[in-house]
Amino acid sequence: MSGSAPVTYREACRQALRDALLSDSKTFLMGEDIGRYGGCYAVTKGLIDEFGEERVRDTPLSESAYVGAGIGAALVGMRPIVEIMTVNFSLLALDQIVNNAATIPHMSGGQFAVPLVIRIATGGGRRVAAQHSHSLEGWYAHIPGLRILAPAVLEDARYMLAAALADPNPVLIFEHVMLYNIEGALDPAVTGVDIDHAKVRRQGSDVSLIAYGNGLIKALAAAETLAGDGISAEVIDLRVLRPLDTVTILASVAKTRRCVIVDEGWKSGSLSAEIGMRIAEEGFFDLDAPLRRVCGREVPMPYAAHLEDAALPQPADIAAAARGLVRPA
Amino acid sequence: MSGSAPVTYREACRQALRDALLSDSKTFLMGEDIGRYGGCYAVTKGLIDEFGEERVRDTPLSESAYVGAGIGAALVGMRPIVEIMTVNFSLLALDQIVNNAATIPHMSGGQFAVPLVIRIATGGGRRVAAQHSHSLEGWYAHIPGLRILAPAVLEDARYMLAAALADPNPVLIFEHVMLYNIEGALDPAVTGVDIDHAKVRRQGSDVSLIAYGNGLIKALAAAETLAGDGISAEVIDLRVLRPLDTVTILASVAKTRRCVIVDEGWKSGSLSAEIGMRIAEEGFFDLDAPLRRVCGREVPMPYAAHLEDAALPQPADIAAAARGLVRPA
Amino acid sequence: MSARVHLDHDHVRHLLRQMIRIRHFESKCVELYQAQKILGFLHLYDGEEAVSVGVMEALSPEDAVVATYREHGQAIARGIGMDVLMAEMLGKQEGCCRGRGGSMHIFDRESRFYGGNAIVGGGLPLAVGIALGDKMEGRPAVTTCFFGDGAVDEGEFHESMNLASLWKLPVLFVCENNLYAMGMALARAEAETDLARKAAAYRMPGVAVDGMDVVAVEGAARNAVEQVRAGGGPQFLECRTYRFRAHSMFDAQLYRAKDEVETWRKKGPIGRFQDWLMKNGLIREEEVHRIEADADAEIEKAVAFAESGTLEPVEELEKFVTMNQVPA
Amino acid sequence: MSARVHLDHDHVRHLLRQMIRIRHFESKCVELYQAQKILGFLHLYDGEEAVSVGVMEALSPEDAVVATYREHGQAIARGIGMDVLMAEMLGKQEGCCRGRGGSMHIFDRESRFYGGNAIVGGGLPLAVGIALGDKMEGRPAVTTCFFGDGAVDEGEFHESMNLASLWKLPVLFVCENNLYAMGMALARAEAETDLARKAAAYRMPGVAVDGMDVVAVEGAARNAVEQVRAGGGPQFLECRTYRFRAHSMFDAQLYRAKDEVETWRKKGPIGRFQDWLMKNGLIREEEVHRIEADADAEIEKAVAFAESGTLEPVEELEKFVTMNQVPA
């Protein structure tokens, strides 16, 4: 795949999957409608024609069984990449993920590893209401034994998968549905990414905006607005939701002394709380102002467009929160 | 039931269930082994003999279906009290709880309510390892539409259920397995409790210890130790994990200016993070010291007793954390 | 066709009208979707109209219905007004769910229509509970639960079928077998493709019927409902049908051949019933035209109602997240 | 009894020895539990020994096993050493899982024993995946998955049975039907109590065998494994057995009558097989005594090993929460 030509996030995900299938015969894809249908978000389109039904495996509507089957296959040395269409459906497989995938290595005293990758589409904004639009990745970030990734930029969409497959532990990759169509060029010089560190996506000195997934896009937009007001915002892309890269977060806050955390998930008990608490524990004396969050409103996602927009954090909300810290009324 | 005679927490739960069955013909119990077996923790023992198989309904091992059936029965005006043996098994019913119980009232534009109560045994300490010992109540506290209760004292074990049944919304009651055998006398003057507020269980002036469930017992023990060292600890029992009573929390912290949050759940993303973050947002200027947490270690619960004890917060850990805040080295 | 259905003039015209109303309503939805007035997912019932029209004829007002996300037909056949339905699809507060549910989440308290569920299989446990509640309260109601062939793959199907049968609950399980779950052909998803047989694993009577034949569906549904109402416990009814259009508006239909669709179209429930009625002199062409005209007029009124509807103030966003009381 | 099993002297003595080893091992576990050296839940296999002893005879070393939380018998019959097993129960780092799993979570890489699963039904999807992986890699292995009658109620059973049959995977599903799930009698939990019939819903061959007859179990298991290995896809084997003791150590057994238990005890797999062997001159009393003595000696050694074992340093608590590499 020519890196310099513009690609979409969707295409970057597809190239990553194709690479994985080409480079390791133990890798296979498994999920609902990833084959003949081409993937509910068209990410896997064409792969079944190239790799066949065995390695691009359409499953029945049996989330618990096929995710559990992915765990079993990983236990015997395969490198399954399982797809769950939407994070709400992943609740049907949660028993397998939490009670088996996350426990077996420890429970067995290290006799078995579970080198499994699960790709899950997440997030709101597509007007698909209260059973298809939530952001539960922060929830998964609570579970010991799992690594949780949230690619927000093309480079991560393209290269996080390979790093996830190299990890001997279960890795969940959350792809935000609003990102699939973003387009850009991949730097041909870059051929891989780490899955350990957060990244500063924009340097700034007045306030740190900490975000991930689609929230990053919104934080970057807010930073642009703030620049117009003469406020220099630093934007951190968490990238890895578990384990959290506290070092990068604290370094930024130590510099800016102010922090707004952006999370599309429901505010109470969201990942933003953990990030804020770590700052309050370890960076307390660096702060010149209270911590702030801009999160999803605590409602099942409504269908009506104006209500869904009101339920999700928007760039203007982020900019306003930052302004409030830098220039308190 | 004579309130003044000493009762166990288990007995208090049982009396509450019996009252509910006596006072409302629309109330019934449903769950695994609650009838003939007498309840896996003997809470429902004898109730099937008194109320019959229809109202004390043993279910097959079908967590998703019988919890969903509870939701359906609630939709048509019944007041089901569903029991899930252990919080780990509740993952099998999570789709019904999150995608149906928590969404239908809002999604239907207020046409339907789900007046359902779910009782779930939670927590570690019984040497039953990595598939029976976790504390996921903080996870549930993330879900809009649910009320989450954690009775830690006899009075709450005895009276929270009635309040939960009076709530037109789904209420989850988490009973910590280490509390069932605690014993004491119920004040006959008390005939009910609210399910809105946290409660100060011990007054203090130097540091606030915020806890719930079995963590409260440990926090109280720590406060006793601290008193010996001349440190006056205030102990807050959250009681209600959603919605959180931020007012009571902030009032205590404003008074003591120092705070240790106790949570038996895995630290990252636990409820302790949300509590700390709220203090960092709203009580920041009241704090004289960084916030501290004493939480469960981030491991699947090990079987070996010494390892399980090391994985759980202990009174000594809480006391040490409080001392560190009051008398920094 | 079944003898249990009285094919008098009024009734056959009613059946035809119901199917036409659904078909025309959904054609209008497609227009509105292309005009981006309806957003999100839109799952059409085109080709499956005979199923809910036939089944609903067997139900009484006190019965309950649990629907899927492909439920416009189920909703219209149950008697929900096109106006509040269309307003819901347009996200207006005049909609049956105040615009919060949308196409996949139609609820209607008055007709005991318990939603529009977009988790495949997620409605089955609810149906079991609704039937349990009705039975415990001595209400004579039957709960009819619609779901697709794909839902049969889910564990919730297995658990719910067993619970309903074990407890002899008044549930009619209606499987709309349109041979595909999104792009997944039944034969690629199920080791046993004869779905009616699955009922046997729960000692539940199971019948398969031609879901393209509205009278056959009504007859089978009447038989089943009668037995359920008599206290015989749940019944399983498989309606063999086909989806003429894409799964949703995002579907390129790579998984099936055009001529497969064409062959099925010839068996279309509306055309087939209409021809049969005319051949047997049970309806005249003008009547059909009038029915179509009436349906279109009704739909125009519904669209006007929806278009002139208002948006719920964002201040009300959190209303009903928790209820202040159980609606009487 | 089945003709497929060669009842030569060595073999019958081996079968008896295996059952006696399990029974005596567990009697010792009860003592250690009462002495509070074994903690938590302890689920005994007393009465069910013929099931795993018979089934394991049909397996080869390259085959895989997925077990339940009632798995001491499954583990011993599979060949896991009593020493590491007992050390595990005592929570010592010399245990097969370094004391982290305990009684309900026995794992053993060498014998491809994939756990000890304490979520009822939770092992079935794993078995499907293990078989899938082996098949994709061209390994001739058969995955045997043990589960109880209660697991049949779970959605994971339904989904896993379908997946295994649909994909023709080499899985032997062994249902240990002991008529109770904790206190829940099969007839109160399942609308269809003839569990072997459930396999038909997945077009999977299903057979029921007397689980109190070790030779019958071995014969049935050999038949099933042979067909699975031949590529015929999965098989379902229901072993009809009974649990003589409480579900776990916390069970007052309010749900069943004492004489029901007594009647079953008379059909006990060990006594019955022993009598039959002696009646047919296939074994002498002294041999039985020697087998028992050998078993007791082996158990004493195991207990000594476990007692003298050490506790894992708490500093290692978080080791293996995440792995540094996939074990070779």
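Per-chain residue numbering starts at 1, and chain names A, B, C and D are given in the order in which the chains are listed.
Criterion: contacts are C-beta pairs under 8 Å (C-beta built on N, C-alpha and C of every residue); 3 or more make two chains touch, one makes a residue touch a chain.
Keep in mind that this is a model prediction, so the values were computed, not measured.
Touch-path distance (fewest steps) from subunit C to subunit D is 1.
Between B-D and A-D, more C-beta contact pairs are found at A-D. Comparing the CA-atom centres of all chains against that of subunit B, the greatest distance is found for C.
Computed from the mean C-alpha positions, the centre of subunit A lies at a distance of 30 Å from the centre of subunit B.
The distance from the centre of subunit B to the centre of subunit D, with each centre set as the mean of the Cα atoms, comes to 36 Å.
Rounded to whole angstrom units, the spacing between the C-alpha centres of subunit B and subunit C is 41.
Counting partners per residue, subunit A has 60, 62, 64-65, 88-89, 92, 95, 99, 106-107, 129-131, 144-145, 298-300, 302 as the residues that reach two or more other chains. Shared interface positions of subunit D, defined as residues touching 2 or more other chains, are 97, 99-101, 105, 117, 119, 122, 153-156, 159, 162, 166, 188-190, 321.
On the subunit A side of its complex with subunit B, the touching residues are 64, 88-89, 91-92, 94-95, 98-99, 102-103, 106-107, 129-131, 138-139, 141-145, 242-244, 265-266, 268-274, 276-277, 279-282, 284-285, 287, 289-293, 298-300, 302.
Here subunit C touches subunit B in the complex through residues 64, 95-101, 105, 107-109, 114-115, 117, 119, 122, 124-134, 136-137, 155-156, 159-160, 162-163, 166, 319-327, going by the rule given at the top. Listing the residues of subunit C that touch subunit A in their complex gives 39-41, 91-92, 97, 99-105, 117-122, 150-151, 153-155, 181-185, 188-190, 250-252, 254-255, 311-312, 314, 317-318, 321. Across the interface of their complex, subunit D is touched by residues 153-159, 162, 165-166, 188-192, 197-198, 200-204 of subunit C. Subunit A meets subunit C in the complex at residues 32-33, 35-38, 40, 58, 60-65, 88-89, 92, 126-132, 297-300, 302-307, 310-311.
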